[in-house]
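Note that chain A is present in both complexes that follow, paired respectively with chain B and with chain C.
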Partner chain A sequence: MTGPRLPTSSVLMTPPLLAILAFGLAPLTIVVVWSFWSWDPLTYWIKPDLSLAGYAAILEAGRWTVIVSTLVKALGTALLCLLIAYPTAYAVHFLAGRRLSIILLALITIPFFTSYLIRSFSWRLVLGRTGVLNTWLQDWGITHAPLEWLLFSNFAVVVGLVASYLPFATFPLLLSMRRVDPTFLAAAQDLGAGFWKSLTSILLPLTMSGIFAGFLFVFVMVVGSSTEVQMLGGAGASIVSVMINDVMRVANYPLAFAISTIVLVVIFGLVLIGNRIFGLASLFEDQSQ
Partner chain B sequence: MMIHEGLANRILLWAITIAGLIVIYAPPLYLLAVSFNPALQPGLPRLSDLSLTWYAALPKERALVGALQQSLIIATVTAVMATGMSLLAALAYFELRAQRTAWFLTVILPMFVPGVIQGLALSAVFTRSGIKASSLTVIAGHLLWAMPFAFIVILTSFAAVRRSYLVAAADLGATRWRQFVDITLPLIRPGLVSAFIFSFLLSLNEFTRAFYLAGRQNTLPVVLFGKMNSGASPVIYAMSGAIFLASVACVALIAIRSIWPGAGKRSPR
Partner chain C sequence: MAISIQIDRVSREYGPVKALDDVTLDIRAGEFFTLLGSSGCGKSSLLKLIGGFDRQTSGRVAFDGKDVGNLPANRRPVNTVFQSLALFPHMSVAQNVGYGLRLRGLSGSTLETRISGALDLVELSGFGQRDVNLLSGGQRQRVALARALVMEPGILLLDEPLTGLDERLRQQMRDEFGRLHKRTGATFILVTHNQDEALSLSDRMAVMHRGRIEQVDAPARFFEAPANAFVARFVGIDTLLRPERIVATGNHAEATIAGQTLPVRVEGPADLAASVVAIRPDRLFLAPQGMPPALTLMVVGTTFRGLHRDLKLAFSDGQTLVIAIEADADIGQLSAGQQVSVGLKPDAAVLISSAGLPPA
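Right after this comes the complex of A and B.
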C-alpha cells in the first residue's frame, strides 16, 4: 500500500489544539495571573507584584452590585427563554410536518449568524419615544403620552437579551426531544394520560438535560453580553462586560481581570458541573453516531 | 403524531412559538423596511414611496466601505481556517476513544468565554509579544469564536458516514487515506460548506472581539457601532439592513438545500 496515509489522532489534533492553546488558553492564563498583579493609579502601569488589590476593588464603587445584577438578569432571561423555547421546540418536533419543521429550524438557526449589534439596535426603532410600540399604544388610546421606560431601561435590556439568545435555549431542547422514545408518550396516552399529564410526568423528565443545557447556554451568553446593554440600557446601566470595558479606560488590568476571573470561574464552573450531571457533551455527540 | 394535545393546547403552543419568532424577527425586519423609506424620519414607507436612496448613498460612505472590505477579508480567512481546523478536530474526535468528551469540551469551551474577556486578554497577549494589532489579530480572535460552531456542524454531518461503508472499503483494500478521500469527504461535503458559511457569517458580524483586536482599519460592526451611537442616519439603516439580509440569505440557502433533496444528499436519520 503506497500513497499518503491518514495521520493519527495526535497529528490531526495538533493544529486545532495549537490554536486553542495560543488564542484561548494563553489569554485566559494572562487574565488569571494579571488579576493578582498591582496597578499604579498615577502612572497607569501594572507591576508583577503579588497583590489582591484588584479583587478588593471589586467591593468598591458598587461594582459588586453590577455582578449581582448581571447574574439576576442572566437568571431571568434564561427562565424567560425556556418558557418560550420549550413550546417552540415541542411545536417543531411534535406538531410540524417535515417541510414546516425544516423551515422553523432554519428560522431558529438564522439568529445565531446574524449581527447581535444590528438586532439590538433595531429594538431602538420599536421601543423609542417615537417608536412603533409607543405610536400604536397612543393610536389605540391605551396611553396618552409615550411610555418613557420602554427604551433605555432594564425592560429594554431584558427584551433585547431574550431576542438575542432565545435560539440558544431552543436548540438543546430540540436535540433532547429528538432523543425521547415516542413509544413512552404513546404508552402514557394509552393508559389515559392527557397532554399535561404526559408532559409533566414523561416529556419534562426525559428532556431535563436539554432544559438544563438551554438554561445554561442562555445564562452564560447573558453573563458575557455587552451589546444589548450598550444599545438599549439607560444612562449608567451596566453589566459585567460593560464594567470591564469601563475599568479598562484607565488601563486597570488587575481590576478588569479580577472581575473577568470571577466571571470565568462562574461560567466554567456551571458548564463543567452541567456536563458532569447532565452529560452536555452527549447531547451533541449522539447526533453524530 | 401519536400525542393528542387537544386544539386549545395546540393553539397555545403555536401562539408561543410565533410570539418567540416575532420577538426575534420583527425589529430587524422593521429596520429593513425603514431602510427603504426615503424620508429622514424612521418609519414604515408607503408602497409608492419605496426607494433605494439610502442604499445608493452607501458607496459614498468611505468609512463604511473600507470597513466592509476589511470585514470581508477577515471573514473569508477566518472561515477557511475555522473549517479546516474543525475538520481536523472532528477527524481526531472519531479516532479518539476514552478522551472523546475531553476533546469535545476543549474545542467547545472557547464559545463560552465572553467576547470582552477574550478580546481584551488576547490583545494583552499580542501587545506583550510585540505583535501589532491588524487584520491578523482579529482573525486570531474570530477563529476561536467560529471554531466551536463549525466543529458541531461538521461532527453532525459525520452521521452520513456509516461505519459499514468504511469497513467495506477497507475489505476491498482501501487505505484509511483512500477511505477518507473517496467516502468520508464526499459524504460530509454539505457539512463543510455549512461550516464555512456559518464561520464566515460569525466573523462578519462579530463586534466585541474585533473592538479590542482591530488595528488601524476597523471592521464593519465596530464602525457601525460608533455611528449608531452618534446619531443614527438612514445610511446606517441601509448598511445594517443589507448585512442582515445577506446573512439571512446565506443561512436560508443552506436550509433550502436540505428541504429539496437532490440539491444535496440528506443524511439518513
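Right after this comes the complex of A and C.
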C-alpha cells in the first residue's frame, strides 16, 4: 500500500462533516450569496449582478415592521415560555417522584404527536366568539358579551405560539437542572437561605445555560413559524415566514434571501452573545468533572 | 454557644422500610459525638433529622430542650459539611465562605474580616479569590469547613467528610477536626463508617445497626464492655465463644468452653442461651514454659497483619480464637496441629449478650 493510512477517527468523521456541509452550510451560503443578486421584476429573473436591491426592498411596503414585530413576538413568546417552563421543570425534577415526573413529562410531550396545524386550529375552538372560554366567561357572569380580542389577534397568536413551543423551553431547563447537585440547594438552606434566596443565588445561576438554550430554541422556532399567525392572527397579520412565502411567489429570491439573511444575522448574534455570557456550551459538557 | 441535642423515641419510615427505629439519644453540649455504622444503618438519616433536611415519622428532636420539629434547616443553629462538600461551583472561595454571612446581612469590611478569619482558621489564608473548582481535595474540604464554621454554629454536622480523601490527607483532616472542635467549642457530630476516625476523635460515639442504636459510650468502653456480639464484632473483637457452662457469683464468673474453664467479667446476661464470651486478642499471650496455662489450644495457623501477626487457635470443640502476637515473633515451633498454652491478662474475657450473632 502506498500513502499514509487514514486514521479511523477521520474516516468516521467524514460522513457527518459532509452531511453538515451539504445540508447546513451549503444552503446557508446560497441564501446569503443570492441575497446580493439582482432581480428583474419584468421577467421574474435573477441575475448574478451584485446588488443591494433586496435589502433596499426590505425598507419598502412596511416589510421591516414585520421583521421587528416578528422579533418582538419571538422575544415575548420565549420569555413567556421560560416563565411557565421554569416552574414546570422545577416541579418535574425536584418535587415530583419518579412516577409523577414521568407522567408530567408525558403530558408535556404527547400534544406534540399532533400537527401544528391541528393544534393551532383547536385554539379557535377555545378562543372563538362561541368558543369554550367565551362561553364560560358569560356563563359565570364575568362578561356579558363575547370578548372579540380573544381570537384573530396578537393575543391569540401568542397563546398559540406559547402552547406550540413550550416544550422547547422545558426540556433544556430540565437538562440543566439535572446537572445541579441537589446538595447545593441543601447547602444553601443549611447556610440560612430560604426558598427564594436559594433559587436566585444558586439554582438560577447554575441553570443559566438551560435558560438561554430554552430561550434560543423558542425564539428561533417562533421566528420560523407561520401556522399560528395564519390560523390565529387577525386580518393582515404577518410574520417573517409568511412574508418570505409571499415574496417567493413572485420568485423574488434576492428579497426573500435578504430577509432571511437579516434574521440569520440576528439569531447568530444572539447565539454568540449568549454563549459568551451564559456558556451555552456547558449544557452539553460531560457531567463528570 | 454549644447546643445539646435530645433525640426522643424518633422513627423515620420510608414506606415499609424503617431507616430509624425508635431511637433515643442525648448529645451533650460541646461534645464530639460520632454516629458509627456501616452504610444503610440509619446514621445519615439521623443526621438529616438534626440538620432539618428531613422530618421524623414519629418522636421528637430538641435542641437545648426546645422542640425543633417545625424549624426548617435554614433557621436551625446547625451547619453541615456535606459528604460531597457541595461547594457552590459558580462562586469563588471567599463567596462560598461568605454566603451564609451575606444572608445574615453582613457586608463590607465586617464580612471581609470574618471570611479571612475563617480562611485563617482552616489554614487557607489568601485563597479567597481562587476558583473552588480548581482546588485540591484537601483544600476543598477546608473551604467546606470554613463555610460552615464561619457561621459559628452551635452544632456542626460532619457527614462522612473524609470519605473521598487519600489516607495521608484523611489523617491530616482528622487532626484538623479535633483542633477545630477545641477551638470553636461547638457540638460536633460526625457520621462515619470508619472506626479509626470515630475512636480517635469522639468523646462519645454511638454504634448503629438497622436503624437502631446498639451502644452509646466513650470509645474505650466499646472494647471493655461491648453491648452485644454485633458491637464486639463491629469494633474488631472477632473472637466470640459459646460457653457450655457459666458459674456466676456477683460480678465474677467462670465460663467453661470445650471443657476448659476461664474467668470472665460479666457485662451482659449470665445465661447460656443469651450470652457469648468475647475475648480481646490483645489480652492473650503465649504462656512461657513452667507457668500454669489458662488454656491449652491447638494451632490452626497464622496471618501476617503488618504491625502484628494473628495466631489462630482452636478449642477441642472446633471454636477458634485469635491472639495478636509480635509480627517478628519466633513462630518456627508453631506448626498447625500443635498444642500451645495460652495465658490471659486481666479482663481478657468478657461475658456479653449474644444479640447480633446468628443462632448456633
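In the analysis below, the second predicted complex is superposed on the first by the 261 of 289 C-alpha atoms of A that agree within 3 Å, B and C clash if a C-alpha of one lies under 4 Å from a C-alpha of the other, contacts with A are read in each partner's own complex, and residues count from 1 in each chain.
One rule holds in what follows: a residue touches a chain if its C-beta (ideal position, glycine included) is under 8 Å from a C-beta of that chain, and two chains touch if they have at least 3 such contacts.
Treat the numbers as computed from the prediction; the structure is a model and nothing was measured.
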item	value
Partner chain in contact with A:L206 - chain B first, chain C second, else both or neither	second
Touched partner set for A:D181, first chain B, second chain C, both or neither	second
Chain B versus chain C as contact partner of A:G192, first or second or both or neither	second
Contacts of A:L95 with chain B and chain C, given as first, second, both or neither	first
Greater chain A contact set [chain C / chain B]	B
Which superposed partner A:G224 touches (first chain B, second chain C, both, neither)	first
First, second, both or neither for A:W123, with chain B first and chain C second	first
Common interface positions of chain A, toward chain B and toward chain C	186, 189, 194, 289
Residue numbers on chain B that touch chain A, as the complex places them	1-6, 9-10, 12-14, 16-17, 19-21, 23-28, 30-31, 34, 41-42, 81, 84-86, 88-89, 91-92, 95-96, 100-101, 103-110, 112-118, 120-122, 124-125, 128, 140-141, 143-144, 147, 149, 152, 155-156, 158-159, 173, 175-180, 198, 201-202, 205, 207-208, 221, 224-225, 228-229, 232, 240, 243-244, 247-248, 250-252, 254-255, 258-259
Partner chain A, residues of chain C touching it in the complex	51, 53, 72-75, 78-80, 82, 84, 86, 88-90, 99-100, 103-104, 133, 147-148, 151
Chain A - residues contacting chain B, complex	1, 3-6, 8-10, 12-13, 15-17, 19-20, 22-24, 26-28, 30-31, 34, 83-85, 87-88, 90-92, 94-95, 99, 102-107, 109-119, 121-126, 130, 132, 159, 162-163, 166-167, 170, 182, 185-186, 189, 194-196, 198, 220, 223-227, 230-231, 240-241, 244-245, 248, 253, 256-257, 260, 263-264, 267-268, 271, 275, 281-282, 284-285, 287-289
Contact set on chain A toward chain C in their complex	181, 183-184, 186-194, 197, 201-202, 205-206, 289
